[in-house]
């Protein structure tokens, strides 16, 4: 087997490849992310950024208390985030637990939301602590129910103990299950990987194993999608593109709650991976509360006065 | 569609620039005789008329400083002196935005840098030195070290207010009084600082500011009433000062030029190293004495690194210094622009390969695109002479020893950088590099607690930290 | 002086030829010149070499070549070598006292005291080698995630022009070399004899060749060349009269040489004057 002609999938080839990646200096990476956070996005560029961010939201509900009703409401909002303004774009996807996939897909199709894909969190989300058979079954189930995107978690325990081959194999297997039917997003849970060096290694591991997207977090662990973590992942996809000519997407998830945070993410994309990544095909933001803040900021820009949460729908 | 950042200009309504300024002597603004224009280098708009100080202005300022030294400042306890400095620090923090905008207008540097770096550091310098004022017995200079008297201070145009703070804060904390001359092209923030002195009720004559050009500076250097000279500027002028005071008892600290080497080993944190190189040479338009103006790259990573550097340089936003998103502002003066253009031309004619990202430069004002030269060798003038602009010369090396030899092969010795993830190599390299400041896996960091100054022809003495105090004190018992 | 016919003695004393000390060897001046040292009664004591500017040039080359190795030696090692100098000097105390007394006319008691003081200076200085970083270094609490420290380092090659006495000569070279500088000493007039005997002490003290180089002769002739020499980093002009200092400082400005003069007791300030501080920043992260 050969993966992009770079590794053969063996433990030793992975170790060798990951070991030669340059390190990430924590202070330097954080300083760069902080500097980019000072970018001031105003007027027309802000308006463009808000709509772009809306189109990139993976509108998410991942609660034990989720119900079919809540998921249907979420889907309605995903297709028309602002029922009073048809110029607001649909979001990038709806992201739910496996058992809600069919409900979401059916509802989306029934309200003219065929263009909005359903993403399912599979592979024993969020901990990933299950047998491989269960993870495969989990994924298969989600795809069969209509998921076009699979958000899988890696085995952080295996990664942290240096069993890169194990992590790699799991991604490869899930990739096989996805086939042509579903995009694969690989979640690292960067809050558990702790160091930026690990984030960089995990990024390459996932990309080589066939991920379409690399994703920061489950949303269940903090810190999640901090700007420096996203910076390091954007550097990885940029450099992977120059190595392989393949563009891999990035999905920060967790902790991006308002328009300012979202615009910071877009600036990171623009100035790190480059404008080619400023599309929902290559950048998504996993969020729930964010969408309403984007809508309120959009209203403010249109109306000239500050909006109230009373004028956006809560689900 | 691409993500274009709409203009985000900082408002200039916060500053109030007078049509004409005099000198600040003995606590009062006094009218000057002759004046010259100070312009905004980004637009060539005339901002104000600055007084050209002559010998008689310097005389008056020195007399006021001497009187203040004898009658008030040297009699005041360290504790009380410190409280004045704390007051100044606080006022500077309160009026930070005003200073930032004014500095950007007068100097051409981006508002992001004046707002986030220059002005916060200015306040930090006063805060730091305020605390020293009543603790000088612990400065390592024996018990009760004594001030020199009147300090003559001449500062450059690249960090106008920050260099003022580097000079004035330690001088005042140690009990000296000051006659300061800001650079010809950047006097406005110093004159606003004079207002801060008034607002802080600093005793008259403790700080005196005489504006002017090189002749004014020379009058200060040669004035018999000056006991200590502090100068930041070119090595050429530094040598002139050294000669001028050779026959006197005047003490001097000189912060002069540099040709800093940034050595990147193949095990460096590459992305942060690229950032560090960019920050090292394009920070403040490269108008930085400690700029990392020579990149010395390990051969095995050279091509890949230069490629990444180019990608990163393409993201540098050149333009209106008042725009909050500008990374590279205007060159400070036409004279400096001509010098940069001339040396860039020398780089071309010596056979080095020039590259700049595509960027549109305004036809008004003074601009120079961020530029790198590859294929540079030690023999090239652009590898030896300080350009003081946004131009990076790139050389390569094969062995660590060769890297150090190239880095040290210069009469300067102000700064150096080294990039590697290997701890022992970092420590080895920092030991070998002959420079007063070595940034390892970082670059262009400044702090009032950190001594700054050069080896060899980069100057005499240190500024900042405990080491900087000795320049303003005579050893006690 | 009237000449009286000399009669052969039972054993003729073997007199020493005083040469220069460069790079651990004892060459004559390339110029072939000597000058005569007379007692106060006009009796010839010796004909030391009158060093030329070319000897100075050679001495600087030797000092430069020795510098990085000397600076790289551990502080402990440098301290031991300086202490060894004191030990060796102790054994030569009688000889040096006699030479000082003869050449300068001071009483033998005074000459003896001067040598003993010199020995004690070396002992005192030896102990400084591994305390300089503690005395003149610092870790600096900068506002950010950086480890920041300042260490003193030797400047490089230091010329010294001490006053015309043995102790002044010792007081100039010892503080310069303890930190890792190498020295070219310009020893004037009658101090030459003791200085050259002291060179024999150095040659037997494990001090690497070129760390101390001694040129005897005239300050007026050599000091201007030292001041303008571009490969000399510092110049101790304590033995130069006030009115002649300005010209040397003007010449020294060409490479911004660190030029200092000292009065009074030997203090660590004199060591620090020929050191530079280096401040290093490094990020702290995982």
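What to note about this one:
To keep things simple, chains are lettered A, B and C as they appear, and every chain counts its residues starting from 1.
Just so it is clear, contacts are C-beta pairs under 8 Å (C-beta built on N, C-alpha and C of every residue); 3 or more make two chains touch, one makes a residue touch a chain.
Since the structure is predicted, the reported quantities are computational estimates derived from the model, not experimental observations.
Farthest from chain A, judged by the mean position of CA atoms in each chain, is C. Of all chains displayed, B has the C-alpha centre closest to the centre of the whole protein C-alpha set. For the pair chain A and chain B, the distance between mean C-alpha positions equals 44 Å. We define each chain's centre as the mean of its Cα atoms; on that basis chain A and chain C are separated by 71 Å.
If each chain is reduced to the centroid of its CA atoms, chain B and chain C end up 38 Å from each other. Within chain C, the positions touching two or more other chains are listed as 144, 146, 283. In chain B, the residues that reach two or more other chains under the touch definition are 441-442.
Shown for chain A are the residues that touch two or more other chains, namely 25, 27-28. Interface residues of chain A facing chain B in the complex, by the touch rule stated above, are 22-25, 27-29, 31-32, 38-46, 48-49, 52, 232, 235, 266-267, 270-271, 275, 278. Residue ranges of chain C in contact with chain B, taken from their complex: 135-136, 138, 140-144, 146, 148, 150, 155, 233, 245-250, 252-256, 258, 269, 276-283. Residues 124, 140, 235, 238-240, 242-243, 246-247, 254, 256, 411, 413, 426, 430, 435-442, 445, 447, 449-453, 455-457, 459-460, 462, 465-467, 475 of chain B are the ones that touch chain C when the two sit in their complex. Note for the complex: chain C touches chain A at residues 144-146, 283-286. Chain A meets chain C in the complex at residues 25-28, 30, 194-195.
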